[in-house]
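Chains: A, B, C, D and E, in written order; residue numbering restarts at 1 for each.
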Amino acid sequence: GCSNKSNDSKGSEMPTSYKTALKEAKGKTVTFYGYGGSDTQNRWVDDVVTPMMKEKGIKVKRVPMNIEDILKKLTNEKEANKKSGNIDVVWINGENFLTAKKLSLLSGNLDNSLIPNMKTYISGSDPDAKSDMGTKINNMEVPFGNAQLVMIGSKQMFNGDYPTSSDKLLSWAKENPGKLTYVAPPDFTGSAFVRNIIYETVGFDAINKAPATKAGVYKAIKPSLDYLNELKPYLWQEGKTYPKTSAQMDKMFADHQIAMTFSYNQMYAATQRADGKFTDDAHTFVFDKGTVGNYSYLAVPKTSDNKAAAAVLINTMLSKKAETQRLKAKYGSAIPPYSGSKVPASITNDLNGQAKENNTLTMDELSKKRVPEVSAKKIPIIEDLWKEHVLNAD
Amino acid sequence: MASKKILKLLVYLLFAVLVLMPLFVIFMLAISKTWNYPSLWPKWVDWGYYFRFLITNAEMQASLLSSMELAVGTVVLTILIAYPTAMALSYYDFKGKKLLNILVYLPMIIPSIAVLTNMDFIMIKYGLNGSFFGVVSAHTLFCLPYAIKLLYDNLILWKDKYEVTSRNLGATPLQTFFKVTIPLNKNGLQGAVMMSYIVSMTQYLGTLLIGDGNYITLSVRMFPFTTEGKYRIAAVYGITFMLVTLIPLYLIDVWVTHKGRKLA
Amino acid sequence: MLTKRKLILLLSPFCLFMLFFFFSALAKSLITSFGYYPLMGMEKLSLHYYTDALNDKVFLRIFFRTFIFALFSAGMACFIGTVLAFLFKRNDNPFTKPFFKLAQLPVMLPHIFIVLALIQLLSQTGLVSSLLTKIGIIHSYNSFPLLLNDQWQIGIILTYLWKEVPFVIVSLVLVLRQMDNRYRIVADNLGATKWQTFWKVSLPLLMPAIVNAFIINFSFNFGSYEVPYLLGNQTKEMLPVYIYDLYVQGDYTQLPMIMSLNLILSVFSIAFAGLVLWLSKHLPGGHTGGI
Amino acid sequence: MYHLDNISQQKGNTHILHGINLTIDENSIFAILGPSGSGKTTLLNILAGIDRPTDGKFLNEDGQVEKGIMVFQDYRLFPHMTVFKNITFGLKVKKTNSSELKQRAKDIMETMGISELIDRYPDELSGGQQQRVALARALILNLKLLLMDEPFSSLDEALRIEMLDFVKELQRKFQLTIVFVTHYKTEAYMLSNKVAILIDGQIMQVDAPKQLESNPQNLAVARFLGQANFIEGSLSNNDFVSPVYSGKVRTVTEKGVLYLPFSGQLQLNKTEYPAFKGNILEKKWMGSNLERITIEIDQKTVYCDLASESVDENKTYQFYFSKLPVVF
Amino acid sequence: MYHLDNISQQKGNTHILHGINLTIDENSIFAILGPSGSGKTTLLNILAGIDRPTDGKFLNEDGQVEKGIMVFQDYRLFPHMTVFKNITFGLKVKKTNSSELKQRAKDIMETMGISELIDRYPDELSGGQQQRVALARALILNLKLLLMDEPFSSLDEALRIEMLDFVKELQRKFQLTIVFVTHYKTEAYMLSNKVAILIDGQIMQVDAPKQLESNPQNLAVARFLGQANFIEGSLSNNDFVSPVYSGKVRTVTEKGVLYLPFSGQLQLNKTEYPAFKGNILEKKWMGSNLERITIEIDQKTVYCDLASESVDENKTYQFYFSKLPVVF
């Protein structure tokens, strides 16, 4: 391999300040492990972050790996009693963070003194900076992405009147059978849609307070499941089958086979339009009661060999310079993970400008219509219940 | 007679369409932007896109290199292991042969998640993770069933008849292997090499897990895009993939068919 | 000369390799499947993951469905492939050679590709549907049958066929080429019809290779998840996808169960492969004494 | 009557058969003798309908093409079938009922002495056993036209004689037409009353065994029949001059080569054709109570087969021709 | 001297060889004769080091294992090599220099009469041509121990005699030890002075050719040597009683079967051992100036080879034994 480190060397120590980190990291190579299926995000790392790191004398290697595989690798290292490994920065959130924390795979100390940009742009009181889907963060993660579910509807098929609530959605479906569907959970967006329906039908509190057991959750979300079952016969293929991936659903939407698709990116319709995949007909909207928003994070495994470089990378990714670039369409127009109150004006303006230009929602609108995530533990339970009571309901 | 010939030709034609249609679609996907229902032809085709991408994308070139590096390594290791095994299976009668015959299939039968995640653990233990040998070993594991069985199918036809003859005429085991065994079974060998090369090229999870990110091959890059429906990029990678698979294999084929005549 | 020493020498690379890399990994999954996973504080050995799985009706139904599916698609592939291999074998017209080359193409491409192409071609709003609409055979895409993500797994079967038929062709033609038509001539001379020659001579001589191809295809169809994951139907779930979904959930307390399911699948496949091999030994062609 | 009508065969650039014309009587055994590589197998393949000649036709009495059953020189047993399956293959494909099939298989295997091999596979048989299975596989069918390509080459003498008798009997019983190829004169003579000599793709002579040996039509045939001395000399007006023998001869062609078969031509008992005086150099036991003796005449050697113990080594004897010698 | 020390061989459940003990002189030609399936090939395979015996050892004088070069019964020409490549294979692997290799190949191909076939592949050769290539491939090596498994079975008589001479010459020139297997007595007798009879996996007799034929050691050998009548009768005190002949005999074993070879035992000239009076039923030309005659005695038939024209059909003659007949 290209990294000539002996395997029994002890994983490096996490530096205590950014300054020492910067010094220590010079000449090192830092690996960034993350989901590689988004070419805009890949491009951002490669075109923006990597050159910035290079200026600091640090090389970046991006490894496209799914989070479950990353976790498995980390547990394998732990089981094999290895103190040092190859993974420096991980893109993680939710259930996986919960697991990683449980297995104590992550190193802590990712605090304000180590990551100065966190101090600048993220307020300590921001709930998303404190816990990740209900799991306390304890300085093990740093916010990286800010995503919120948006609906994309066909102007022509909805006649400009978008179903901004579950009730509207149901009645439109009854009038236009076969024109709606959603990706089957456990797909990421499909699962988010189901949670959104839960918020619509029983509200965030009900699910938030329910015990994290199958019975508990079932009791809480029974009305939601009923709603989905009522909707089912009016879905595409009468709900007997669902698209398997959001890509497939996007294609159906592009072909006007269905009237609505979802995305975790408010600019998705715009980028798809620019790409020629969607027509001008695609219109972004959210439910009146709001949609699920969640954060993704960066973390450093305990076995990382280059913790200093990892810290520098995280800080660089959070920098205004990098995040401003990230607003560009070719980098996916991603909203920075900054706390609402600390977003620099230039970025807000930029986003709002884009929103107008591309006929999508502004930052402001979005953050108003944002509902928090349920606890990570409950997500698989909800998915199971959906499978049992909606998908396989007779 | 004539109608039979025409029927045969029709079958050929149908077969060709079935094989080529998807390839054509992939090719079009790689160079087109908008291709929505109900248009039969993409609205927007950029013939140069693919080549521009290939030439300008350094990542792609790096991936190409590591893909081929691994594939060649895998082919070598696979053949080194598979040949003797196939010989043993086809020439000898021994206790446990039946069991071994079945065990050979094991690596491909066990779901790769179960094997690879645990193999990764073993590799980490031995300190082989991230190394060339480690990744090649992981690939080899999945090539072995194909290689052994293809070689076996071929070796069983002659058994050791001609090897015995060669040894009897004074050839050393090595001479026998290269002058008799290989030329007589080159069809099987070609098949085994081809399958190993292909299986290695298409390995995704193994390369990623055991490669520790040191080997970002074409498959590794491509896989997330396909599952995510980034069809155009996937198609671009796909075409490249096809080329680097087809060209070497085609060359091998030409070499094999031109070197010496066909058998019997 | 065939000596024991040589046999050991020949077998040792394989055995060492398997022992070192494979069986050690297998042992690890086995131990995990017995519920030993100290990382999650699970240290009691028990068989209950296996008994649970085998008592789980849902699991068994999925298992059975997957088995039938794998059997059917592998059988189809072998059938079509064998027929075509015989067609390709005879070098009696100038097209045979290029078509045989063509047959090798699909072998070289990952499954993912054909999935990609099939989506573009066969989804309800795909190219085929468009074409049929254009020429007026169907009214709109709504009358185009659901071929992907459908109840009958047609999409997956098509993908597997596209990949596996050529594989069968290639591996059979490799053998067929070596096997000249000496025996065909004999059979013909003894008065056998073309069909009889095919059934009694050519096919049996080829049987070992066909059985091999069948087992390889069956194992693949039974155990791989990528294609069913993308083209399957949720209500008719496939076993590998079922297992994969559990794995992706990232709940490590489930790991022993996941491993036990994997192993059940494997043991069953192995047993089935063994059965097929055993059966094939008792079919005509079980003994090929070389040519 | 089967007619071979000007049959020629060419493979690659090699002309193998050159315009063969032959008629073969139905219900008879016809032998083809010829040196290795002369085209015997090629000819049989044409008679069996396995190969198509590049020119000419093979037709039966009614002017139709008839395919013969072939016993292949290289056996070609089906490797995936047991001896029993191999033997009954031809009956099976004709859907013969199973009890008859079994009975016939049993009978023929007994005759061939391969009953215990019934469940063996070809690769578990010795060469001669394989050949017998190949024979049985064809003979069991009793089909009109039977073609055998050196069918006894791997059998020992005792067995061969048995087989010859069996084939003769079969021929009589089922009125078969048998064409068979061999390179053993004796075999041809014992089985058949009509022997064709095929040399270099041409039929040189078709004759009864005895005629053939005593009157070869040309030097090629004489040389092929072998077991003879060929003594070069010069010829003028039926007078032959050579170091070994000079005197009257019967001239067939004008090449000037004296044809002196090892046996049947030279003897010690006086006749009206004195040959030469010669010294016995060596005696070699040849079986069948014969000795091959090496005679030295003026530093030339001549071979001759005589009954055992007729002469002693290192003694000189006067030899006589039993009839006027032939010169080609 | 090579020693075969109690060699046994078993394959599957078949015992093929049963404790074979033999010594083979160096620098000599040793023939093994035996019926089909008796284990000849199996034995040669052991001598060639191709198979390992289940029991026993094959050692040379120095007590070492020596591997012989084999000419296989089924030729086993490498199908992917031309005739030239096949023939020079053994030299090539010994890295013989190329000009010598070419010369030797040229010479041997000329001797074998296969020079024009140099660039052909085995499947383009006739059976006999293949056999000659197989022979050439082994003979070209001139290795100490040469093993030949029915090496002339597909050759015509003339060619066979040439080959025999050539092999003999080679043996003399390079002082080879040759073990060869055949099922043609004549071939064995002509090539070798010591012949072993292998029947049912056992060595029955090792003897000089003439001894063998005149004094077979037991009925099995006698039957195998064939070309003989076996007349059943009863035996008491060296007096034999049977419908054909009754009288004095030499008794070897006590089974009561009279051994009457077709040739060498019966004659028309008077001796002190009158045999029987018989009627000539049939005469059949056998080549080599011999006729096989069928004699009828009291409705039994006996065969006998006599010089051509010695008797007429349908006449009765008195026959004599040339020496005291043998009963087993």
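What we mean here is this: a contact is a pair of C-beta atoms (placed from the backbone, for glycine too) under 8 Å apart; a residue touches a chain by one contact, two chains touch by 3 or more.
Keep in mind the model is a prediction, meaning the values are calculated, not measured.
Engineer: Chains shared as neighbours by chain B and chain D?
Structural biologist: Touching chain B as well as chain D, we find C, E.
Engineer: Quick one: which pair of chains has the most contacts?
Structural biologist: So the chains sharing the most C-beta contacts are B-C.
Engineer: Indicate the whole-number Å distance between the mean C-alpha point of chain B and the mean C-alpha point of chain C.
Structural biologist: One centre to the other, that is 16 Å.
Engineer: Just curious, how far off is chain E from chain A if you go by their C-alpha centres, in Å?
Structural biologist: Centre separation, chain A to chain E: 89 Å.
Engineer: As a quick test, compute the distance in whole Å between the mean CA positions of chain D and chain E.
Structural biologist: Averaging C-alpha atoms per chain gives centres 19 Å apart.
Engineer: What is the distance in Å between the mean C-alpha positions of chain A and chain B?
Structural biologist: Their C-alpha centroids are separated by 36 Å.
Engineer: Name the residues of chain D that each touch 2 or more other chains.
Structural biologist: Residues 124.
Engineer: Residues of chain A that touch two or more other chains: which are they?
Structural biologist: Residues 66, 79, 245, 248, 251, 255, 257.
Engineer: Chain B: which residues touch two or more other chains?
Structural biologist: Where chain B meets two or more other chains at a single residue, that happens at 36-37, 121, 161, 164, 227, 231, 263-264.
Engineer: Taking the complex as given, what residues does chain C use to touch chain A?
Structural biologist: 39-40, 119, 123-125, 141-142, 146, 149-151, 229-235, 245, 247-252
Engineer: Can you name the residues of chain E that touch chain D in the complex?
Structural biologist: Going by the criterion above, the answer is residues 11-12, 33-37, 40-41, 73-74, 124-129, 131-132, 150, 153-159, 161, 183-186, 189-190, 208-210, 213, 223-227, 261-265, 284-290, 292, 305, 307-308.
Engineer: With touch defined as at the start, can you tell me which chain C residues reach chain B in the complex?
Structural biologist: Touch list, chain C to chain B: 1-2, 7, 9-14, 17-18, 21-22, 24-26, 28-29, 32, 84, 87, 93, 95, 99, 101-110, 112-121, 125-127, 129-131, 133-134, 141, 162, 166, 170-171, 174-175, 177-180, 208-209, 212, 215-216, 219-220, 222-225, 229-230, 240, 243-244, 247, 258-259, 262-263, 265-266, 269-270, 273-274, 277, 288-291.
Engineer: Would you mind writing out the residues of chain B in touch with chain E in their complex?
Structural biologist: Of all residues in chain B, those touching chain E are 161-162, 164-166, 168-172, 175, 179-180, 183-184, 260-261, 263-264.
Engineer: Help me check something: in the complex, which residues belonging to chain A touch chain C?
Structural biologist: 66-68, 71, 75, 78-79, 95-96, 99, 102-103, 178, 184, 186, 237, 240-245, 248, 251-252, 255, 257, 380, 383, 387, 391-392
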